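You will see chain A twice below: alongside chain B first, and alongside chain C after that.
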Partner chain A sequence: MPTEARSSGWGFAVPRRAVVGLATVGGALLLWWLATSGLRLLNPLRLPSPQEVWAAFSQISTGQGYGGATLWQHALHSLWLVAKGFAVAVATGIPLGLLMGWSRRAEALINPIFLLLRPIPALAWIPLAIVWFGLGDTGKVFVIWLTAFVPSVINAFTGVRGVDPVLIAAARTQGASTAQVIRHVVVPGAMPMIFTGLRLSLQASWTTLVAAELVGAFFGLGRVLNVAGQDIFPGMILVGMAAVAACGAATTWLLGRAERRVVNWRPAV
Partner chain B sequence: MSEIVFEGVTRRFPLPRGGEFLAIDRIDLRIEEREFVAIVGPSGCGKTTLMRMAAGLDFPTDGRVLVGGKEVTGPGPERAVVFQQFALLPWKTVRENIGFGLMCKRTPKAEADAAIARYVELMGLSGHEDSFPHQLSGGMQQRVAIARAYVMQPAALLMDEPFGALDAQTRIVMQEELVRLARRNPRTVIFITHAVDEAIYLADRVVVMGRNPGRIIETIDIRPLREDGGWEAMPIEEVMDTPAFTHMRSRIWKLLKAREQERPAAPAPIPATVPAK
Partner chain C sequence: MAKRRDRNFLGPAGTSLGLGEFWALTAAGFVLFFAVWGGVAASGWLPPNLLPSPLAVWDTLVRLWNQPFAGHVYAEHLSASIQRFLMGWAIAVGIGVPLGLLMGWYRLLDEIVTPLFDAMRFVAPLAWVPLAALWFGTGIGGPLLIIFVGSFAPCVISAYRGARLVETRLVEAAQTLGASSRQVMLHVLIPGALPSIIAGLRVSAGLGWQSLVGSELIVVGAGLGYLMVQGQGNLNTTVVIAGMVGIGVVGFAIDVLLRAVEAAFKRKWGQA
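Here is the complex of A and B:
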């Protein structure tokens, strides 16, 4: 947990941290400008100057864009693929993890297959996904699903196993049925762990998406990176990298909001 | 009818490295309807296991446990349990925790709300209805757990060292409140504790247990002391200062100590897998 999450009792410390952070970023930008444009220490084909990056950003943001579409179209396309793959993974992985956590029999049945597939990195599935689904969206959603599925299952499973047995006993003594125990005790108890899994899933989903788009795609941020690499256009490469980072950060932020809404009962960390 | 009867109850636990641990050896005990029985004993004497068997959370290896004439086959809302660790649902508010059992049996909302409000008031929880458990002190959390037990109007109340996790002052306040509640709302109660004071002050009868294996050493009726001494009208600290009380305390201490010295060598092999607690 980052320390800046502490919101109370810090007086001036929080604003000062922000100021220091801004100064660091500003300093780094200045150094970048000096090294590339100001003092010309670096070859612009290796590291472009801030102005070149800005020019690349202007080019891709307007008109014809770059790599077949504007930045917004590429970004939306990538976001949409991640959202689809992630949603399918959540909808399948969490119920499966909950089931395996709750029922030893289900665990005994499913775990061997899971242990067999788990060591295969999601990226290694990309060639097979292309063979099966081609270079279109389906194959990418498929590999993102595989990527996000594993942490979803494992964390839901671990979350269920971590629920205090006394809470389950207490619910039972109050007359709760199995369905009520699962709904009111097991699922909420596993929820913090489930969200930890979702955060991991989401980060991994972006990695996989970029890799899959680098291999071959008609749209998307990975395609921007790929085309810019082939064109030897460093400014555009940096724009693509920054766009991937921004999209990843935005989705992580959204997930954090969802977590605070769902897990609203925990003491502030 | 809600008398609790243990008939030749034996409980063995398998040990992780093979063999068995005899936790409870042929216990016979009858707790009458609306009787408050405290069970005292050293750790490892099986007192918690005994309570869990009445709750339906554990089962005898031999013998039977009957509540109201029926053999216990599982947990049920007519036997409310108060746990040492409070066992409140952290994601539910005080109101939702107290109302959980009522919700499970689909009590109409108006009726449930009225019952919850009554126990919130009775347990001094007013103003905390919408707090989450982590926002309350230990004493307040245990008040919620007791309210949650009483709101079900259970025939029997099973308490497993309910004040064991509280500090000394809170403990005394809670003991007085429990006596007040128990007199107003008499139930069949099993109260597990290792605090001898607490047992004498609260109970109609005190059951003294020993370990290796867990068994009943003696059962002592406290009612004559309470009635002759007029304890009901006295504050707890005065009750605990009366000669009758201190005499009873020494008597029970001696019982516990004598049994420990009888078998000094063998420390209780408490299996790591005991599902209690």
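Here is the complex of A and C:
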């Protein structure tokens, strides 16, 4: 859809979408301030005012922090867990998906296990992970691995099956060995699909991690949310939610950068 | 097709696999799964309260059917979860789909809602749990909000995309013939957007079910998730796995049901 540009009167054009968008976000913030602080329409225990959120943010960012650590320590801890679980999922899931895509025998043998395990959301593994690994980090890495593993396998598999056979035949005609075909045709061909799976599973990983940390943890953003919920500290709850969103957005942005670097022959979507 | 002398010559999965071999391997896969699970459980390498055998889980499932655990028998936990899910999902669909359609139709609404949507997009659904408990309590309202948050976005996005994909020519043709805004909406936009909406419903149901499980782990007093948390608290691993089985079966049933609906619609409208 073409975006109309309107003359702003300052000699440059402003897209209409940006104007309306900024006005909306500004309006929402103003409404928030009016409802909580300006006109006091809402009970501050239901929705904290912007000042209270800022106060909570200052409290957790400095000194003792909140829930046992400062915001940066909690966020770094959560980020590190997601990074570990995600890395293990990529390292195990993609090769398995490639194998299943390449060989129908492997597909026939391994697919039943996925049929049995796939309908169980990773979140449902959290209690078992706690029984197996306790409330520490291992259990969290395990459930994040589960979250990201299944989409990695399935998308690598679908990606391989989507590779144009003509390209493989062409490589064969030039005398490429099976290893070369896989390395230079199949894996690059499956890459866009693999990244689609990674993007989905990254979002899901954050949901899983937050849930796991809410159920029980010593550190992390979910722990902040949990303690704030128990203390009935609405300002801190919003700070925790915003921090989760910021981490999710930051990791998604990083993944997008990686995708542009790896899948560099294709314009970014 | 060319004769395949070399396995995988022509590409991935180039090997033709006989139907017999395919089913044999599939059966072997199923057997392997349960054999490894049962074998590890039987070997005594792991204590049985960490990894119970498949048979122990089955026995527990049967036992929980008659004997209450965590306050209710299994069927009651199951129906509590399903009811909660259906309510939350219905609210998400009831608000999300019309909103998406209207956003596809009225540009100003699109421009107003999209930035708010983008601002909220990265808040993981489960991060709403403390706020949901604060606003609606931990009984029925809190979990409903979590399910709503988890399944809302795909409803909006699929309806919006569906409405935008309807050909302008069709809308214009209807308008030329004198259709009112409401008639265009009812007779052109909604039917045109339906395939996309139904695909979105399937995604949103999956995410909603997942969010339900998450919320039940944290805040409620009945349901499969609650059953599992109680089992975990008592180090009763068979109960935990029995809960996972129920969650998997219901999740699978939801997916199969909506896939069937999707296929039926495609048959009816002939859209591939």
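Odds and ends about this structure:
Just so we're on the same page, the second predicted complex is superposed on the first by the 246 of 269 C-alpha atoms of A that agree within 3 Å, B and C clash if a C-alpha of one lies under 4 Å from a C-alpha of the other, contacts with A are read in each partner's own complex, and residues count from 1 in each chain.
To be clear about the criterion, a residue touches a chain if its C-beta (ideal position, glycine included) is under 8 Å from a C-beta of that chain, and two chains touch if they have at least 3 such contacts.
Treat the numbers as computed from the prediction; the structure is a model and nothing was measured.
Contacts of A:188 after superposition on the shared chain: chain B is touched, whereas chain C is not.
When both complexes are overlaid on chain A, the residue A:169 reaches chain B and chain C alike. Once the two complexes are laid over each other on the shared chain, residue contacts for A:265 go to chain B alone; chain C is not touched. For chain A, the partner that touches more of its residues is C, with chain B and chain C as the two candidates.
By the touch criterion defined above, A:179 reaches neither chain B nor chain C.
Of the two partner chains, neither chain B nor chain C is touched by A:39.
Looking at chain A, you'll find residues 165, 169, 172 touch chain B in one structure and chain C in the other. By the touch criterion stated above, chain C contacts chain A in their complex at residues 8-15, 17, 21-23, 25-30, 32-33, 49-50, 108, 111-116, 119-131, 133-135, 150, 209-211, 213-214, 217-218, 225, 228-229, 231-232, 235, 237, 240-241, 243-244, 247-249, 251-252, 255. Chain B makes touch with chain A in their complex at residues 55-57, 74-77, 79-81, 83, 85, 87, 89-92, 100-101, 104-105, 132, 134-135, 148, 152, 275, 277.
Within the complex formed with chain B, the chain A residues making contact are 164-167, 169-177, 180, 184-185, 188-189, 191, 263, 265-267. By the touch rule above, chain A contacts chain C in their complex via residues 16-17, 20-22, 24-25, 28, 45-46, 101-105, 107-113, 116-117, 119-121, 123-128, 130-132, 160-161, 163, 165, 168-169, 172, 178, 186, 203, 206-207, 209-211, 214-215, 221-222, 225-226, 228-229, 232, 234, 237-238, 240-242, 244-246, 248-249, 252.
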